[in-house]
Amino acid sequence: MTINFPRPARIRQITQESRLVRTFVLDTAMPGAEPGQFVMLWLPGVDEKPMSVAVPAPLTLTVTRIGPFSTALHQAREGTQVGVRGPYGHGFTLEPDRPALLVAGGCGVPPIYFLACRAVERGVSVTVALGAQRAGDMVYDDRFRDLGVELLLATDDGSLGHQGYVTDLAAQRARQFPQPPTIYACGPEPMLAALLRLCQQQGWAGQFSVERYIKCGFGICGQCALDGLLVCQDGPVLTVEQLARAQDFGRFSRSATGRRMPIR
Amino acid sequence: MTINFPRPARIRQITQESRLVRTFVLDTAMPGAEPGQFVMLWLPGVDEKPMSVAVPAPLTLTVTRIGPFSTALHQAREGTQVGVRGPYGHGFTLEPDRPALLVAGGCGVPPIYFLACRAVERGVSVTVALGAQRAGDMVYDDRFRDLGVELLLATDDGSLGHQGYVTDLAAQRARQFPQPPTIYACGPEPMLAALLRLCQQQGWAGQFSVERYIKCGFGICGQCALDGLLVCQDGPVLTVEQLARAQDFGRFSRSATGRRMPIR
Amino acid sequence: MSELDLSVNLCGVRLPNPTVLASGILGLTHKVMVRVAKSGAGAVTTKSISRAPRDGYHSPVVLQWNGGLINAVGLSNPGVEVMIEEIRAAKEKLAPLGVPIIASIFADTIYDFGAIARYVSDARPDLIEVNISCPNIDDEYSRMFAGDPYVSAQVTHRVKRSTDLPVLVKLSPNVTDIVKIALAVEEAGADGITAVNSLGPGLILDVESCRPVLAHGTGGISGPALRPIAVRCVRDICRAVKIPVLAVGGVTTGRDVVEMLLVGATAVGIGSAVALRGSEVFATVCRELETYMTNHGYENLDAFRGRATAIAF
Amino acid sequence: MSELDLSVNLCGVRLPNPTVLASGILGLTHKVMVRVAKSGAGAVTTKSISRAPRDGYHSPVVLQWNGGLINAVGLSNPGVEVMIEEIRAAKEKLAPLGVPIIASIFADTIYDFGAIARYVSDARPDLIEVNISCPNIDDEYSRMFAGDPYVSAQVTHRVKRSTDLPVLVKLSPNVTDIVKIALAVEEAGADGITAVNSLGPGLILDVESCRPVLAHGTGGISGPALRPIAVRCVRDICRAVKIPVLAVGGVTTGRDVVEMLLVGATAVGIGSAVALRGSEVFATVCRELETYMTNHGYENLDAFRGRATAIAF
């Protein structure tokens, strides 16, 4: 059972992935975690934030420096004590009978990597499309290469792989599949919104990992509401059908107060 | 595990055993109870008192009318709601390799009956000696007869069985055993004290069920102290060795305040 | 079973069953509140609403320990302007279901309680609940309103003069004499009392980092650990006042609902149990309540409400 | 491990380890107290002693629920004349073990607190603990002494003038501001503070009979459910006063002892955990404490006592 209380752990290893991204390996594990699930990572005296599981054992999290919490975490050293609770939420469900296209952008890459690992373990062949602004921002690409999956890369400036949006690259590849694919995606909401439209147009299945402001993580505070859905429990991975009914998806998020805020 | 909280139950059947003694069969069971263990029987709005398990399933208790609680219980009807918690304490340990002599007087008879049942189940042959003031006070004698065990009866006035103390009757019979017996006993403390002296003189083993004022039943309140022993946990069944070291045994009991009071 | 009537009249408002979503649990957005109502709640309460938006404290704001939850959310909410829209939207969907909505309000001055009550009344919630008892704001407001009978009465007065809706005043268990406060708010015109808010505050440390596990430090205790205290408070209040009591604190099972009704509660709030049994807890608890009623031959809640208080103890 | 020093100085009295048998648990007779000391307690406290013998309430007087214990024993005890003999006998056996004995006293008037303190001092316990905080005597004495700073100080004064032994005053968590009471008793001359007595009172019903499960009706809550409240009280008191604090409330594991020490406690009482982990709990908890110390490289308790209060929160 999920324990809704931070378990002390220490940072065992830190890797710089790119200018703003570091990976933290902890001296603990999240056995039973599914790809797409997240943990609440606590920095005592600082804050606690949701982080997707990249590897469940030893628990590995990849964090983009973006604000106070992630900056403090980037300042942590090997040996720093943190707390983790979870795993939380509803993860990806691999559909083994359909071609699988995994699409990730930004800090959406780690959970997609976990899903790709799971697919390889299960003998499901997958195609992965990763997007970044430029070559220097691309993370995890060699890990995917080591997995031996088909890998497509896109950058906004063309400095690595295809130039343009990863969504376009993904769409192009998916049309070549012999059968309608399932799109598994994680990344910025505008990217997910574009993929939703694509899935709706093409009649493809899709499971997208969505971010909302998470406070409790276990369905108590209501802070993570996306329409009638609780992202911390019903999500973060939601289906194309669920998202199509969610009027706020791609349009409005919620701040720490709970106020609706336009996205972008 | 023992649940230290009264579980509601109803009285299903009431039998008059003698002028002052009634047996109450409840609509619940105490699975796992051992002979010699007791329950706390609660009469809501009245009081709660320790009662030895006579039969664990359905839970059967035999109660002597002696004061306010037992009088209120005797006024109960079939269907009356009570509460039970337990089983509590350390019961009898049957030693199958030695002749077993079971001795009971007064309200000590029911746990001895439970022990006799257990012995018969296990194929251990036992001799039972029961004492009462007069024939009309003798309880459970037909139950023992139905069990098919050797049964010796003693009354003070000789109106049933041997005239005199059950302890003397028991001593006499025990001396005929081919091997030194184990005495299992439950009854008034003077009776137990006499048996203790007998065991000490003869070098016989013995396990005696002792009464002390019980409040909590689970080793918290200290009320049931017999020297350094807690009767509710270490007892009620104590060995001859334990009792020989207990200076208060046979001499002092404790009241509801915890004050030491001379016995008889 | 279909013969059983679980409905409740709370200050003139009909609830289809006695279970109420407690304030601060999921009650931030209308769609989620409607979902909770559809999953079986007899009424829903909004998160406590302040005039201005509040971010609340850093995280963790709520955690689970073996006695229930500990929380210091810091009364985060998007402010009354946003929340009245949520209430309006919720009411539209809830009215056809027959499930009332309770608007919980709080403020940092007696005066502001009136202002916000007036503001919230525009959205026509079915009841207003006045939260004067949050245990986590002491440092901010220097003391809790519910700690003082005079101040509690003043707040009640002010709110009553600012709205035509029935008003519940929510009390704290963290006082030496809760009955005194209950009598004061009844006297001041409260239509009902909600008892109780969370207990404490309490403090749990992470002994490795020597830090409190909640970012705020201390937090209110709720859930099973609070239940016996809440039952005693509700019993004491029900004995003393004539107005109805919405009993909150640790209620997790149908048995716990029965216990609150037996000591005289009119309806029963459920908060932390949502973490323990999911949002289906309302329907589940009602089924358990029905089983109790069937076993005892009760057809409605009046048949046994207050029965334990009738027995002198 | 043998290098670790668990010893504690409580108001000038040395305890071999910080665990103390709390008052009301097993502390009625000298042989049982000696047994508890031999099973690892660093000190033992007697059941609270009154002038005259007290039967206490009818049973049940103490039960276990999922949060810990609930009790209304009614301060049963054989009275001071009997208890001083028990203390004398206990002290004779405890002194060679290096385990001090704390005599807990209570009375129903300020004046009697002095008389009983004088009486008890004859038996030379190592410390006196003044119980002004039992939550179960409200109806009898109309209020709890520990609810009022002035009355608490008066009792402290009176006891201090009646004995040369160090005096601990035991406070209640059931007050709106425990720091105020702590400051008052410190000012009045208390050598230390015991915090806290049980919480509430609480009330648990048997919903079948509609009766409270305790014969007395309500009862004090102790054990795990009380712990976060007790930790907060101890933290608040340790920040405010200079005298040592004996922390009591829900301590069940070595981790819990550490938590109390981190917020500044000098020693740690254990009561309800005896029901949960047996009387071996003292030795077990000390082993767990040693493991923590070894992991963190601490050689004695001063190395980390108060560490959490040093970090501002």
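Here are a few things to note about the model shown:
In order of appearance the chains are A, B, C and D, and numbering begins at 1 in each one.
Heads up, the rule we're going with is that a contact is a pair of C-beta atoms (placed from the backbone, for glycine too) under 8 Å apart; a residue touches a chain by one contact, two chains touch by 3 or more.
Only a predicted model underlies this, so the values are computations on that prediction, with no experimental measurement involved.
Common neighbours of subunit A and subunit D, by the contact definition above: C.
Among the other chains, the CA centroid farthest from that of subunit C is the one of B. Between subunit A and subunit B, the centres computed from C-alpha atoms are 67 Å apart.
Distance from the subunit C centre to the subunit D centre is 34 Å, each centre being the mean of its Cα atoms. Separating the CA-averaged centres of subunit B and subunit D is a span of 36 Å. Distance between subunit B and subunit C, defined via averaged C-alpha coordinates, is recorded as 51 Å. Listed for subunit C are residues 65, 211, 311, 313, each touching two or more other chains. Residue positions of subunit A touching 2 or more other chains: 45. If touching chains are joined by edges, the resulting network of the protein chains shown is an open path.
Interfaces, counted as pairs of touching chains, are A-C, B-D, C-D. Residues of subunit C that touch subunit D in their complex: 65-67, 70, 147, 174-176, 199-205, 207, 210-212, 217-218, 221, 224-225, 227-229, 231-232, 235, 255, 258-259, 262-263, 292, 304, 307-308, 311, 313. Interface residues of subunit A facing subunit C in the complex, by the touch rule stated above, are 3-6, 8, 40, 42, 44-49, 81, 83, 85, 215-216, 218-223, 225, 227-228, 230, 254-260. Residue ranges of subunit D in contact with subunit B, taken from their complex: 24-29, 31-32, 34-35, 47, 53-56, 58-65, 69, 73, 76-79, 82, 206, 208-209, 211, 213, 215, 272, 274-275, 278-279.
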